[in-house]
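Presented below is the structure to which this report refers.
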Amino acid sequence: MLPIIFVMPIIQLCILVFAATYDMKNTNLYVVDKDLSSHSRELISKFNGSPFFTVKDLGFSVDAGEKELFKDKVDAILVFEKGFGNDVDLKRPAGVQVLVNAIDASAAGLYNAYIQAVIQDYNLHLQPKLINAKTRQPIQIVDNSYSHLFNPEMDYIPYMLPGILVLLVTVIGLFLSAMNVVREKEIGTIEQINVTPIKKYQFLIGKLIPFLIIGFFELGVGLLLATFVFKIPFLGSLGLIYLVAFVYLLVVLGIGLLISTQTDTQQQAMFIAWFFMVVFIMMSGLFTPVESMPEWGQKLNFLNPVSYFIKMIRMIMLKGSGFKDVMRELGILGLYGIAMLTIAVNRYRKVS
Amino acid sequence: MKDEKQVIRVRNLFKKFGDFTANHDLSFDVYKGEIFGFLGANGAGKTTAIKILSGLSYPTSGEIEVAGFDVYKQRELLKRNIGYMSQKFSLYEDLTVYENIRFYGGIYGLSRKEIKMKADELLTTLNLEHVRNKRIGELPLGWKQKLAFSVAILHNPDIVFLDEPTGGVDPVTRRQFWDLIYEASRKGITVFVTTHYMDEAEYCDRVSIMVDGKIEALDTPSELKKQFEAKDMDAVFLRLARNSSYQE
Amino acid sequence: MLILFGMPIVQLLLFGFVITNDLKDVKMAVVDHSKDSYTNEIINKITSSGYFKLTDNLESINQVEGVFRKGEVKLALVFEPDFATNLTKESKAKVQILTDASDPNMANLAVNYLQGILQNYNLEINRGKVLPFQVKPQTRMYFNTSLESVFMFVPGIMATILMLVSAMMTSISIAREKELGTMEILLVSPLKPLQIILGKVTPYLLLSFINALVIVGMGYFVFGVPVLGSFALLMAESILFILLALSLGIFISTVSNSQQVAMMLSMFALMLPTILLSGFIFPIRNMPLPLQLISNIIPPRWFIVVIKNIMLKGVGFEYIWKETLVLIAMTTVFIGLSVKKFKIRLE
């Protein structure tokens, strides 16, 4: 049991961090060039030159391309109809068909955005040659530039690692605590405890402390890995992270103990814990942005301890946010924890 | 009867689960220092009653006092003054013998010194010094049961409740177990024990026999045998149980 | 029992509506050094797109970092002084986009969307001056025309739930019998081991199958996820996957002695990889090569491909026979391993 609690999460952290990336590596294109003009070739070579695209195959029929699309061999098809080059030469709007494999919606959005960008770029490149030909009037351009703060390289690992760490700490904390009291019910030791004069809160606090220590340990190892193996810049204060973690674990363990006192078998406890776990994780903003959720979803998140912790740990680690920046979230989490523990203590019945 | 002081006083105890009446109008007294046998077939309502007396379960109605405390209002005080050993084995299998003693001693508020002293004493009496640091899970059942009993009276309670303490134990160990019970009784601890081994009933000072949630007989073993003209308790029990609605 | 049916439904509903990668109402700050009609117009254009929401008007670019640290605002727009003059006189005006790239995905999407909006704005103010002639891409999305996130999440959720109900529940219920000692009783009974296992597994098989039906049904009626291919094939593949999950669950139970161990094993060995490595949320091809290799041993990875193919592409068996074979092979391996383990235990 112990190796599972201590080692598994660490291994998982190391592996899963690499899995959680939306970073586009490579988009495979199938090009159907019925035009075979210098313009179509130029645009194709632009795609080939971009680090995001590989032209996997060239062909002359859309059907052949579609077949590849159905087999998931290619991600998008570009179709140049006959006359494309002619249109460009005659300065008429020229069309190129882009057929995107949207089996994976989020990836498809990105393919499309990148393809548009390459074409846009090609347009700009055409523009100067053609501008003076028409009118002398200058065109007005709102020029934009962008810079990414806190993570200029747009690296996914610094973003994902704290989140996955939270997830692992949560899994361990929630499940161990949810299974705990109910396990004693199953093997019968709970009766022996109930017949003693021990106070309910004493018993539950005794249960709580080991899990708190395990949680802290996992978090510590995770943060060490983050700093020394993954070289994630650690901008905020470690003490603050631990303070947040402490409050957070109170909530999670409170929920776990509550589940444990309300169920009769470990199986029940586990299933309920699993349910909350999955809901908490999926809605936490770990994988998909919280902002994208509908209004009511974001409101529901008010009750989701994971989302608070993920938000705070990311803020503290990656942006160096201080106590004042996270005060509101921390306060809510604190109240939440007190509420959960109080309910857990109250719902735990020494007498049936 | 060693002492006329009542330590358990039960009047008109009822316990109902929905339509089912597990305990029907129980009234009895248990006196200080005696070994009180609580007999009955499986499902007769023994465990239900013992749970109510030890504060694990609420009675539906009735007046019950244990060790001078009311089971409705003075539950936590009551718990300080009783010991309990259930039919399910109740020490922590993944802790060592000594850790279990320390754990339960701690719960009852014994000091470190007291715990150490008691543990030494207990392990010597049981002849289990050599397994002090072994995990409970590795020990044979008989040893575990003896340990569980000793732990249940670690804090010198007024009464100890034993719910089928000798289930699944071999005859020799059972005999030794009863020696422990006598020992406790000699120290003034009242022993309230449920069992369905009729030979064990002979060891008790007084015996009550439950059938279908009611107490059908209550007296010393010898009186009961006389009353039912039976040669042993087994026969007494059979006579009574024959009237049970659960007759197969 | 109720929770076994109810919870997956609640989860599906929740996720179907809640989990999406689409940008919406991203909180934005503006540092407008110019405050003229042009900057106003641009800000209006941006906020009316629905993707962004203006929450903070800042005085200086130095405040941006502080606002980002509070965590709500994800990007800031900085307009240079004399924006309007520059635009009309010099015909070029500058706007800077700053993002909080601690969330790189969000930052990336936000910049892309913003550039699109600005691009359009450029076209608008220059209307009539240049011919709108240019290469225009006409995009068509296959299999998911309007890029609904739900289309990709329903198969993923289906795999996760089936995995849980089948694998976790069987592994734990068998471990439970071991813990309580009832397994011994069954083993000494005249029942054959196979019968015992079948008896344990059948309820979960049924349950999982009903869950699969419910999920597909809800996907179809509530979220409009189509089932283009053969429904029978979809169900057959689902049963195959359930069998695989069950055999995995039995295998886990043979190597664990208590419910807690079984649970932790299934939790870490199944749940997280099912979510992360199966291509449910993160595309497998973006992962580093070693992980792509590891993902091959994750059963849901194959199942998700199969259901996506059947539901969204509507292709037949000839497109998914390879994945099907992998699933069958995995099932055989797990059953084989469990039987072997089981025999050793008996000796």
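We just call them A, B and C in the order they show up, numbering each chain from 1.
The rule is simple: a residue touches a chain if its C-beta (ideal position, glycine included) is under 8 Å from a C-beta of that chain, and two chains touch if they have at least 3 such contacts.
The shown structure was predicted, so the numbers you read here are calculated from the model rather than taken from an experiment.
Chemist: Check every other chain and keep only those touching both subunit A and subunit B; list them.
Modeler: none
Chemist: Two chains share more C-beta contact pairs than any other pair here; which two are they?
Modeler: A-C
Chemist: Centre to centre, by mean C-alpha position, how many angstrom separate subunit B and subunit C?
Modeler: The separation of the two C-alpha centroids amounts to 57 Å.
Chemist: For subunit A and subunit C, let me know how many angstrom lie between their CA-based centres, rounded off.
Modeler: 10
Chemist: Going through subunit A residue by residue, note those that touch at least 2 other chains and give them in order.
Modeler: 187
Chemist: Residues of subunit A touching subunit B in their complex?
Modeler: 187-189, 191-199, 350-352
Chemist: Spell out the part of subunit A that touches subunit C in their complex, as residue ranges.
Modeler: 1, 4-5, 8-9, 12, 15-16, 18-26, 43, 66, 69-72, 88, 91-109, 112-113, 115-117, 119-120, 122-123, 126-127, 130-131, 134-135, 137-152, 154-156, 158-159, 167, 171, 175-176, 179, 183, 186-187, 265-268, 270-272, 274-275, 278-279, 281-283, 287-289, 291-294, 297, 300, 311-312, 314-315, 318-322, 325-326
Chemist: Note which residues of subunit C are touching subunit A in the complex, please.
Modeler: Per the stated touch rule, the residues are 3-4, 7, 10-11, 14-15, 17-27, 42, 64-65, 68-71, 74, 87-88, 91-108, 111-112, 114-116, 118-119, 121-122, 125-126, 129-145, 147-149, 151-152, 160, 164, 168-169, 172-173, 176, 179-180, 258-261, 263-265, 267-268, 271-273, 275-277, 279, 281-283, 285-288, 290-291, 294-295, 305, 308, 312-313, 315, 319.
Chemist: In the complex, go through subunit B and note every residue touching subunit A.
Modeler: 51, 54-58, 75-77, 79-80, 82, 84-86, 88-93, 104, 107-109, 161
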